[in-house]
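Several structures are given next for inspection.
In what comes next, chain A is part of two complexes: it sits with chain B in the first one and with chain C in the second one.
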Partner chain A sequence: MTAGKAGKVLWPLAVGVAFLAVWQLGGIHALLHFKPFQLPVPLTILETVIDNLPKMLSDTWITASGALTGMIIGSLLGFLVAVIATMFPKWGYPGLTLVSLFNAIPIVALSPIMNRWFDDGFGQKVGVVTVVCMATMAINSYRGLNDLRPFTLDLMDSYAAPGSAKFFKLRLPNSLPSIFTALKINIANGLIAAMISEYFASSTAGLGFSIKDNLRKAMMAKGWSCIVMAALVGMLLYSVLTLVERRAVKWHASQNK
Partner chain B sequence: MSTTEQAALHTGHTSTAAPRNEIRIEDLTVQFPDNKGGEPVVALSNVSLDIRRGEFISLVGPSGCGKTTLLRAIADLQQPTSGRIIVRGLFPREIRMQKKYGIVFQSPVLYDWRTVRRNVCMPMEIMGIPKKQRTATVTEMLELVGLYNFGTKYPHELSGGMQQRVGIARALAVKPEILLMDEPFSALDEFTKEKLQEDLLTIWEKTQKTIVFVTHSISEAVFLSDRVVVLSPHPGRLSAVVDIDLPRPRSLQTKQMPEFYEYVNKIRNSFEGV
Partner chain C sequence: MQKKLLALLLSFALAATLLAGCSSSSGSATATPTAAPEATPTESTQLDHLTLQLKWIDHSQFMGYLVAKEKGYYEDEGIDIEILAGGSDIIPEQNVYNGVADIGVTWVSSLMTYQAQGYDLTEVAQMFQNSGLLLVSKKSSGINSPADLAGKKIGSWFGGNEYEVYALLEKYGLMDSVTMVQQDYTMDQVAEGSIDAASAMTYNELKLFYNEGFSEDEVNVIDMNEEGVAMLEDCLFCTNEWAEANHDLLVRFLRASIKGWKEALADTDAAGTLCYNYCGSISEAHQQYMAAEVAKLVAPEGFDTNKIGYIDMDAVQQTADYLVKYNKDLAATPVVDETTFNSTYWKEATGN
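Then we have the complex of A and B:
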């Protein structure tokens, strides 16, 4: 690892550690005039996570599995919509507009609706996350499939390339960076959607439910531990995706910094 | 077009054509509809021209003279409004379907996600050429354009001149009968441009292809061509065809010859008369 690369990792790490230290030593409380019970300090939160580990892990699994399932189904459906809109622009494009309208439905409205549709919390959660992720993927991948550089399509035509070659050799690889952008957005949005949906669910588990339940009971440290777990899941998924992206689109400008 | 018509065209072509006629442009007019609903824009008006087989012919003219439109019409990427183009007795569409064109565009048009080798390979994949043969041809083409050591690089790792050479290698890889080049060197610096011009002439002399070359540089057209076609703008029309009788093979010394300047001046003057 070169000095420059090490710096890229060390600097953010140092800022993070400094922030946690200030928090631990009461800096944030002093600044915002918080009482100790209003905001637990990092070591207390860590202790709570460790003390309640089995429950934490099961809550995390319940939320993460639902979020991930919804992300996969939603992203696949969204991509399918984009492909159809690309192949049949006449009625595919209005369809894409319709799907993007889903983007405007607030999750707090979607959640109770899905609650009526699905019997169990898992189905409801997957439903909400699917709808949220579908629109993002549809809009982004449609752009990637259609924002072609000048003459790239002419080049295909000059060799009398069939539609399948145009799709697999030009449009699909061209859309990969946009697809990864959509997946990154979907990881964050999907986790948030899964947790919010648990606020409204009939189920009694999951990170979202635990946050609501513990904060209601003024068990701040427990509530914060759930937030930590959610953040960890998000970071883990994001890191895995970034690694895959680095391999899959190493030719793209964003990967050559 | 019916088969009888095709046959008639074909015989007509072989019997009347002056020594081995390659492309015949007959009274070609191309109009573009105006976006605001006004009068259509006439890009090309009544252009007629014969291009001989194996000839290096350049189309020059200021912007708006329709030189790119003419090239695209030959390539069947632009449909004529009236008139017609006959290539080897067939319509351009059939020549395109037979994959006999190689096109080099203004920008290299490389696919970012493919290495140099795989970019050159792409048209051959579409044509279903077996892998072993593809690999051999790619190697041959990269050697021809002097990029053999850059096969595993991605386009963004190459200079503009190298990228354009990859584009040329890709166009040549399918062994096209006709090479259509649309201002391929216009975005390059003077040194790279001169190098590539010489390289192109070497390749042309080796492969004996018909080359239709669009440029806005008079000296480039004179240096490269057997004939220079001068087009004038608004509407695009043919204003002169100049035979370039400079000895071949040509080199940088050709550009020092008084005759070279005479041709350049002659063509420039034909613009001023417009």
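Then we have the complex of A and C:
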């Protein structure tokens, strides 16, 4: 059992290390005829991250804080739309369609619009991420609020349960897994949206701006260090969310037993 | 499924008509001018294909090449030219290095950054002798001289376009007191007041700013040349490897290009109209304005037009010096010699 578990961790780890080693030793460069200045090797990237750590961390913080703020606002708004659509289906449901329409606006179009609405880079970024995150949460949580187990709603009705009880004791717990699914999608989407918005935003800080600026100036190692930081912060946020979800959904599952 | 197929077919048909339109228009353009008497190659001779990557959209900034193309000067030299427009994320250095294009147009400060990384690129001609970069602001924002920039928000396009602005700020000791802001490709930010001073090219954005409804006495303009912090801009470059293997083709390309530039300088209105018909950007008047302003950079007052494309090594050295001072991430000190700034081909093409 433990050997199996260790294998589960060790094999992917070994593959990862082997890939980095091949990259470091020039395997990728030989295969694709790259020069070192076109694709820096892992140790150079690591060195660049360490040499520029304060700048890297502040860029990461600027991007991540904007992404998180936008994600929270967007997810809350999306959830609100789903709740309204559930409680007042007649006039609330079209709200879902409207939010989905927002979702269809490409980020590259959304960014210049937000640049007109907000003066500073933070507001521009939060605006883009909010719009991007709204639809995912609205559609997922609407599904969770309404895909109830058969007869549960009839049972509540037969108890003459008030609307609030139906919502808090039945619909809300039932929607938790969907909400977490939406949050996980939004973490990744929010970070990507935040970085793309930095391509167009007026601020001159953040991972997105640094990636764009450094790659345009052929500072490949610096560009790659920002990519590494973006990947790290994405993985970190995702792991935190997975941990929270494990606890929350465990509680949800025990409620249903 | 059927709908999808139909849509696919329609888009193919549309693309085909577009392509047909392009080829017929360029065909008629290249067929008419057969005036040049020294034109030896006829239709039976094989033309050498050559791709030129511009730094920005194909407007009057590049009028010399567009005139040479439309008037058939490249064809006269036995060149089948293909001109690729640039854009915000099209990097001429990378496209030329990767072989997407044979020759590129870029700013010298940007080219040096690539050379310092180890890219085997060499400049072969310097088209702009002066800097066209300005910092413009509304007088109402309280900026009347560079010293007034203290504490202000200053726009730049970045990606290598910021070094002259940094040099100016350093000259006045303002580096730490200003906020640098990323500027889009309009002049709306400075017009609206979300930034105080904006980067602008003499030949493009300055006019766009006036077009937003500002009169000349409402606007303050800081000229990098007058401030003594100018760096060289539009130049022609290619890889050393390509230049050596295509020595003759490169010389012929330079000769045709310079002929195009000379003609454009002689009648900037005609060149502007030609460029407007070619690219359709903004308006004919704007392209003519741009042509007139670009002419001043290619051949400043007192400049001998027989020397168009001349590489002034002192100016190159000044650009390198500023770059070392203001690009803290530069991989190495730029090499300024015959391997990186090679006048051989230009001399051969112009007889200088």
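Please note the rule applied: the second predicted complex is superposed on the first by the 249 of 257 C-alpha atoms of A that agree within 3 Å, B and C clash if a C-alpha of one lies under 4 Å from a C-alpha of the other, contacts with A are read in each partner's own complex, and residues count from 1 in each chain.
Note that contacts are C-beta pairs under 8 Å (C-beta built on N, C-alpha and C of every residue); 3 or more make two chains touch, one makes a residue touch a chain.
Just so you know, these numbers come straight off a predicted model, no measurement behind them.
Asks: Specify the outcome, clash or fit, for chain B and chain C once both structures are aligned onto chain A.
Replies: After superposition on chain A, chain B vs chain C: fit, no clash.
Asks: Does chain B (first) or chain C (second) touch A:T204, or do both, or does neither?
Replies: second
Asks: Which partner chains sit in contact with A:W224 here, chain B, chain C, both or neither? Use first/second/both/neither.
Replies: A:W224 contacts neither chain B nor chain C.
Asks: Quick one: is A:L170 in contact with chain B, with chain C, with both, or with neither? Answer first, second, both or neither.
Replies: first
Asks: Go through the superposed model and pick first if A:F151 touches only chain B, second if only chain C, both, or neither.
Replies: first
Asks: With chain A at the apex, figure out the C-alpha centre angle toward chain B and chain C and round it to a multiple of 10 degrees.
Replies: 150
Asks: For A:D213, select first, second, both or neither according to whether it touches chain B, chain C, the two together, or no partner.
Replies: The second partner, chain C, only.
Asks: Mind working out whether A:F79 is in touch with chain B, chain C, both or neither, as first, second, both or neither?
Replies: neither
Asks: Could you tell me if A:K35 is touching chain B, chain C, both of them or neither one (first, second, both, neither)?
Replies: second
Asks: Give, as a whole number of angstrom, the minimum Cα separation of chain B and chain C in the superposed three-chain arrangement.
Replies: 27
Asks: For chain A, which residues count as touching chain B in their complex?
Replies: Going through chain A, the ones touching chain B are 149-152, 154-162, 165, 169-170, 173-174, 176, 249-253, 256.
Asks: List the residues on chain A that touch chain C in their complex, please.
Replies: 35-37, 112, 115-116, 119, 200-204, 209, 212-214, 216-220, 222
Asks: Quick check: in the complex, which residue numbers of chain C touch chain A?
Replies: Against chain A, the touching part of chain C is residues 89, 91, 93-94, 110, 113-114, 117-119, 155, 158-160, 180-184, 188-189, 194-195, 327, 329, 331.
Asks: If we count contacts the way the header does, which residues on chain B are in touch with chain A in the complex?
Replies: Interface residues on the chain B side: 75, 77, 96-97, 99, 101-103, 105-107, 109, 111-114, 122-123, 125-127, 154-156, 174.
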